[in-house]
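Two complexes come next, and they have one chain in common, chain A, joined by chain B in the first and chain C in the second.
Here is the complex of A and B:
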């Protein structure tokens, strides 16, 4: 018989608890998570991973209307993020209040704690981890990682042609903008303000000589932002916007098109000072520097199948320099950051050309939590199922005489 | 009485169904062995002696990133072009001659004039034949190079066009895909035919003989004069004049020979230990003539050695010995480089042909014994049949394990690293689970399932190999080259697939027993079956959950994230979620006997989605190439399982309605009884 079911109560509070901690809710949520995972997998073919993650598995929406093969499926489902949250609640309440704490169910309880810890790790990762990449050419040093997706507007004061102070309009103030929106940014450290219009996640600056401007795209100096569909591989998106620089009285000082596709920032002279303005992928500084000594790549002989690629680096912290080898499956972990060997280039360069190595840089407070939760879950399930198996074998042995 | 007769009818329906399943699987398996309808006559064909074939089989070569025997290389090349591994022709006096891949490869390399008459190309789609302007033959008939050569130009034109489309990521239709595959196959076969043309034709020195006749020199002899030729060229460059027509002619011939032998098998291990790539004779010739060779004398000796082989190939006596001596030379060089260590074992694996033998010599007879045992299961006949099933199953399993182990040693990695590897491994894993269940329960139910599992698994492996003729033992991508993670993550997760399928098998048995009333109303049997299903689901959960989390930890070490919603990861998660649902729904009283077993059947659908279907989506980090036939097989499986589920659910509902309306007969006890666990 079932060991963990508590009897039904007539007390309304108890009944709410029974519902929230119950098997029926658990079963429903698990099936919902399964269906959402399935639909999210299929939809990746059309939408790409990044968009699917946003649609199905992020906290930003409550509901999902799935699509398959371009067709909308007439179904409104809750977002997997919130289903997961409810499942966490259900599992916590079920484990604490409903499960019977006794030796026979110890394995299940341990496994449940492991799963709770795993889900908590997923939550921490989703909300508190940061991901980016760092590309370094052999012989060079860097301490800046760049985000894959997030755009920022950087305003850099130039002193003697060199960057001095950098002011940043952060991603969170751009990401909710639609192309038809206008947002004014009061820059308290600068003698001017910025008006952002036509912010697009993916667009290219195109000359009107090449193509007539699209409706809704203003022409600036003979160019306009030609909108593109968000790329299936979201890191390929090249964001852009129309920027108007205003003095503090609101008078226009100049209008510009900013695009990640541009090689150079626009420059503005205000009150005898020069400023470079650009839209860029957001970047963050490391607490240490990384110097790429050598990058090595090898293919399986006679094929284009990669056999190994690895980077010999020096990690420079204040006065201390330490050599480290980063390779596939063997990242470098240091001060909360993890560096993974991700890519390299140029892949079609002539022999002897200097190579660059790309590291995926991750800061995740829950980096090791899945591993710890695995030990807990595995121990719990092994304990529980072994007990059941032994019981079954004993019964069968008795039965078989 | 009515129930008894219904049970008898059900028994024979189930008997017939099982026979049909075995028959279908058998037909699928033997389809790969079926010869062409009409055999080609090559009256000049002289089979290679066993001595020559024996020497040739083990010649080491580098291909696909590893050193392998010629036999393996030839086998996959033939499979890719012909769709099987045996050429049958009518030889001298109309006698049937069987040509193995090694013999076929020797023909192509050493006797191109014969090889072009052999039926080498399989073209299943008559549209392809007509598209390139040839006349279609009967289905399954193969085409000789001679026949295809007529349409060569058009074939290559279309092939080039489709190749460009494919590079532009345009999805090709079936005819385009097959045309492109044929063009590639023909081009590759041509590289074999011309491989030794440097040795056969030599270098013609026009007008150097008496009365202006041509003289012929070996290519190696001319290579030995590379320095002199380069000096002549340098002098011409310095003086601003063109080299003499005589020199230009020699250079042109050398270039042609080099180009003709640049592709095809890489037989020549380099002397330089730092140099990883083995060479073809074409590369050797080119490097010597352009003075890029680090060891020109060695290269000249290599080419001279091949010329000697070719000169002796037309003489039946002594060629085998010469070939063996040459092979030993190459083996010695490979050994000095620390390579080719497992060529011998791979030959033994090829010779063992373990999966083929297990399929046809063990699992098939055992599966037939399963069917025969149904005639009278509780009699002496039944016991004898059960004994034979045990014998067949165990011997098949042993062969399967030997094959998997040998492959693993040859590959120097754990047994599962690609999609093909998963099939024999999951088959073995599922069989082990089934046999353990049998050992615990001793009811002969699980036993009867075991050979069917083995049979179905190995038919699938065979179909996969024939549908995707690339050597699955070739080395893995950098990210997968971790024996630690391959062992603990991949083996765990694939074992989980196996356990999930076994749970589904028992679910099927339960449903069929109920549908055909084979259980005679035995409540204990139903409960027992459900408990076995439940146990297998628990085992699946344990393996899948641990395997999935381990996969996440591996991904965290290689890609910097524990979970990326990659389709393969999602597939594994779906198995975990579904098994969790089953267990929780059972605990919550939502699922009972019927529900548990029907859900177990649906588990097979989810395992199939995770194991196969996610690979055909073409997205994510675990995406593999997928042929249309495999897509069809996946959807066919969904369809069949859908029908089984519909029948099961229908029957369950009818039973319940009957019960509620009080019309239920005695044959339905046991339903609704909660399973103890």
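Here is the complex of A and C:
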């Protein structure tokens, strides 16, 4: 990039462009990204990956006040998401308006495009990727992946005791609620509505026979939600809320506690029909089924460090069944989904017990973009350095000849 | 100008109100995890499954005296009795009936702390304590706890566990958590194990 052009221009538009496309801004943003990544990595030890990603890399906040080892660092830094956005703008404007577009700088231009592609990949991943897990016991079949973090409320009519179409109160309608908030959900497809109170990201249902109810926790049917701090491993959070079922006139039909730590959903009878209501981790259906034939695991001697983990599965698509072996670092890719061997259980089980395998299921349209961007940057730099080398050799040959 | 723009965006973000009402139209298809639920389950059944009432006296086929500071939580397939203790429930205590021999079970626990599995001779030298009215082997170790593949390692953890023999096989009571918290619960752990009796 060249930021010397029109440096002394008095045209305010030009000056803004100079600033936004400038090398100084680019350098500042790169340093900021480095510092934010470093601070985020340090804070991850205490806060966990999920919370740190939310704090440092989400679009919902503009500023970050870092903490280390429980102490606040007196620094107000911009959020890495917006730094990345500004860097993308800076690099785009710099490439379009300030870079020298000529054959001699072709390699540099290609490298710039590679970095832009990398930033674009990060944006697509942030906004369009899904990540969850699928747990299957040996001999069983599944077609569903469950999100690690997002809580939803699901309501379904039971027809012959089995769930029909499931109505979903999505995470975005719950995640902004604090325990003291109340929200009414008008269920368009159902003959009743839901009032949610005391939504907590992490809580345990506890009987008043065991422990007196905490202030702010209402007792329903002898139980209350005992609040917990959000877990460092956010996937271990057990969400819960207090739920009131109301008819369409607003009359109370029943009050319940919902918790992910439940064996069964709440069932209610409304207008002679039976409905099931539960809070659960958000789930998404796969376009194919996975049948776990056999799971094999092996540790390094005397440790719990994995040496070999593999799942023999059958991928079932309509009439076709195909055997696939999923191993550590050898995932299965199919129809935009990637299945990684992630975990297994029960890890405290007695010998000979049936095992289950857990796959991390990722749907990310930009899955391979970082790899491609690396190739682009490498090709650009290789071209640039090769041209420089050839130029140097020609000059030396001329000088010597 | 840039700073002004950011401040404006920040202000707009802060003004966002929480809607008191939402119309829900979203649905999803039924999948293989959606089974037929138990109808009209009570809170007791929903939160404690088939286990008995969390009276702190019985459950999982055993009777016991629950230490006052412990909290009984839902039993699971592998944990017939399940408790938490310490700040934020950081210490887990659970009773399981399992297969395999004593040596195999102690070895499995040691492996979770990256310790070499003990020999039969080591086992003979380990301290004993009362469990289920008989004598069990007290296993203690500490270090970095690896719950297993896929879960993060937990440094500064400790394990105190007792392994006893029943007619059906091996019974284990395991307490695991941050080292200081586990040490703090040792007396309660001994009392709990001593109080364990078969039958609800």
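Everything below uses one rule, namely that the second predicted complex is superposed on the first by the 363 of 401 C-alpha atoms of A that agree within 3 Å, B and C clash if a C-alpha of one lies under 4 Å from a C-alpha of the other, contacts with A are read in each partner's own complex, and residues count from 1 in each chain.
Throughout what follows, a contact is a pair of C-beta atoms (placed from the backbone, for glycine too) under 8 Å apart; a residue touches a chain by one contact, two chains touch by 3 or more.
As the structure is a prediction and not an experimental result, all values here were calculated from the model.
Chemist: Is A:121 in contact with chain B, with chain C, with both, or with neither (first, second, both, neither)?
Modeler: A:121 sits against chain B, while chain C stays out of touch.
Chemist: Who contacts more of chain A, chain B or chain C?
Modeler: Per-residue touch count on chain A favours C.
Chemist: Per the contact definition in the header, classify A:309: touching chain B only (first), chain C only (second), both, or neither.
Modeler: both
Chemist: Look at A:72 in the shared chain and tell me whether it touches chain B only, chain C only, both, or neither; answer first, second, both or neither.
Modeler: The answer is neither, since A:72 touches no partner chain.
Chemist: After the superposition on A, what does A:30 contact: first (chain B), second (chain C), both or neither?
Modeler: A:30: touches chain B, not chain C.
Chemist: Which partner chains sit in contact with A:370 here, chain B, chain C, both or neither? Use first/second/both/neither.
Modeler: Touch status of A:370: first partner only.
Chemist: If we overlay the two complexes on their shared chain A, which of chain B and chain C does A:344 touch? Say first, second, both or neither.
Modeler: second
Chemist: Could you say whether A:393 touches chain B, chain C, both of them, or neither, answering first, second, both or neither?
Modeler: first
Chemist: Report for A:320: first if it touches chain B alone, second if chain C alone, otherwise both or neither.
Modeler: It touches nothing on chain B or chain C.
Chemist: Using the superposition on chain A as set up above, list the residues of chain A that contact both chain B and chain C.
Modeler: Residues common to the chain A contacts of chain C and of chain B are 299, 302-303, 305-306, 309, 342, listed in rising order.
Chemist: Once bound in the complex, which stretches of chain A touch chain C?
Modeler: Touch residues, chain A against chain C: 16, 19-20, 60-63, 78, 82, 141-144, 146, 154, 156, 158, 161-170, 173, 176-177, 181-189, 204-207, 209-211, 220-223, 226, 228-229, 233, 256-257, 259, 261-267, 274, 276, 283-285, 289, 297, 299, 302-306, 309, 342-353, 358.
Chemist: Would you pull the chain A residues touching chain B in the complex into a rising list?
Modeler: 1-2, 4-5, 22-24, 26-27, 30-31, 33-34, 37-38, 40-42, 44-45, 48-49, 52-53, 57, 118, 121-122, 125, 131, 298-303, 305-309, 328-331, 338, 340, 342, 360-362, 367, 370-371, 373-374, 377-378, 381-382, 385, 388-389, 392-393, 396, 400
Chemist: Would you pull the chain C residues touching chain A in the complex into a rising list?
Modeler: 1-2, 6, 9-10, 13, 18-50, 53-56, 71-74, 77-78, 88-89, 96, 98-100, 104, 108, 110-112, 114-117, 146-152, 169-170, 174
Chemist: Could you list, by residue number, the parts of chain B that touch chain A in their complex?
Modeler: 62-66, 266, 276-278, 440-442, 474-475, 477-479, 481-482, 485, 531, 535, 538-539, 541-542, 545-546, 549-550, 552-554, 556-567, 570-571, 573-574, 577-578, 580-581, 584-585, 587-590, 609, 614, 617-620, 674, 676-677
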